[in-house]
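This is the structure I have questions about; it appears just below.
Naming follows writing order (A, B and C), and every chain is counted from residue 1.
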Amino acid sequence: MKNIWWKVLAVVIMTYVIFWGLLGPVPRQPILNESIRNVSFHVPLWFAMIILLVTSVIYSVRYLRKGRMDDDLIAVEFANTAILFGVLGCLTGAIWANFTWGDPWPNDPKLNSVAVGMLMYMAYLILRGSFDDEQRRARISAVYNIFVFAVFIPLIFILPRMTDSLHPGNGGNPAFGKYDMDNNLRMVLYPGVIGLTLIGVWITQLRVRLRRVKVAMDE
Amino acid sequence: MQRTPFFKSSLLALLLLSQQVMAQQPVTSGVEMADQLRADGKIWVVVAVIAAIFAGIVVYLIRLDRQIGKLEKEVNEKKSENSLRF
Amino acid sequence: MTESVRQMGALMRKEFLLEWRQRYALNGMLLYIVSAVFVCYLSFSARRGQLTPIVWNALFWIILLFTAINAIAKSFVQERAGRQLYYYTLASPQQIVLSKILYNTVLMLALAFLGFGVYAFVLGNPVKDVPLYLVALVLGAIGFSVSLTLVSGIASKAENPSTLMAVLSFPTILPLLLELLKISKNALDGLDRSVSWKEVGTVLAIDVIVLVLSLLLFPFLWRS
């Protein structure tokens, strides 16, 4: 376990987020009440997912440019972890929405976009499963990964902003920071983003190493 | 693990800090919050449960990390043996 | 520049010639959309003008989506490996993908207008702003052909292309479809056109993004 410092950092930051997110002061909002604390746990999942997806795309591009199988392996594992975070984000969001909006899956553009995004990445995994030749699988799934990412970003960031949404920051609602964010909450949210991203990178790194070992055993 | 003292002290500092801030939380705006829960100190039960879950996940990750590290070492040794032989 | 345009013209001509020679496939697509419309008409057993505008609109776009996936899926799947190798020596991948996209756009335009005609004929035509609806059709035809051409290229390399084509294309086409539904709903209700400009802009932007991506990524697909 060399280069352990960032793993320690991840654990320390996440511990801070868990404690401070539950105990620290939060703004008092009607309807949301105490559940506003979910901001420090639910929202970082999405930020971390986006960061992991960006990394995955970067590795896909690198694979296409340099053609090293290792890059493809890393790209898949980042996508896998991102999907895990996305599913967790959907679940936590559904629980939260059930209490504040009265419906686990309100017909909200952001939710629907994210569900479609999840479908896209599931399709990515299915696409990978349907090849026998490794080189070919790597190249074509890298192409699809880039394509899907380019469709996913407008889907999740631009389209929901243009229609009415329950989420803050969409459809004319003021964005974060205008009314239900304050500096206390930010002090937890941003570390949460960093911490969860690091945890995600850790999980990804473990899976990548496992795969490399497998590859080495096969040789 | 060598990092436990640091870990523990940072946790302690956090606990102390949070106690202080909780005492100062304003109750003016009239929006109902779980103030009673906090006053009773029952919130610590929730915190403890979640922290335990997180600790479990971290321990699991660390063990996995070590096991994979061992595997990597074995594979590397085998590789170098093979390259010597040929 | 003129050279590459001429090459593209030749490629386009070859696409049309091939299609014309295998007329059964083209006729099959035309029959597909007509019978799909008719099946919907019968299964709703709706007399003219009885569907609510929302259902009318959604149904039409779903029919069009399925037709598009079926029509465009064959653009790469049908071609044999030997012939692909032959193109490879003749033209650059960008030219090939552009000619395919252009050809598919023309095909989709024909299918969309025919479909709209038949659909309006059997199920009644509640559209209040027909020109805007036609604009939505044109935008949809371009968008479908651009994004589905790349997806079909991807799917054709895999083991069972037809299933994969559907799985890969449904989610990726959805943002486009949602915007198109919005535009065509506005046209259906006869809302003021200024309401729809934003959506038209978004659709165009998505089209451009996907087109640029196709040009960038297709060479990598082509090589394998």
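Note that in this section a residue touches a chain if its C-beta (ideal position, glycine included) is under 8 Å from a C-beta of that chain, and two chains touch if they have at least 3 such contacts.
Quantities reported herein were computed from a predicted structural model and do not represent experimental measurements.
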Touching both chain A and chain B (chains) | none
Chain ID, smallest distance between chain and overall C-alpha centroids = A
Would you kindly tell me how far, in whole Å, the mean C-alpha position of chain B lies from that of chain A?
-> 20
Quick one: chain A and chain C, Cα centre-to-centre, how many Å?
-> 32
Dist(centroid_CA(chain B), centroid_CA(chain C)) in Å evaluates to 51
Can you list the chain C residues touching chain A in their complex?
-> 147, 150-151, 154, 157-160, 164, 167-168, 170-172, 174-175, 178-179, 198-199, 202, 205-206, 209-210, 213, 217, 220-221, 223-224
What residues of chain B sit close enough to touch chain A in their complex?
-> 3, 7, 10-11, 14-15, 18, 21-22, 24-25, 29, 31-34, 43, 46-47, 50-51, 54, 58, 61-62, 64-66, 68-69, 71-72, 75, 79
Tell me, which parts of chain A touch chain B in their complex?
-> 1, 7-8, 11-12, 14-16, 18-20, 22-25, 28-30, 33-34, 202-203, 206, 209-210, 212-213, 216-217
Interface with chain C, chain A side, in the complex: residues 64, 113, 116-117, 119-120, 123, 126-127, 130-132, 135-136, 139-140, 142-144, 146-148, 150-151, 154-155, 158-159, 162
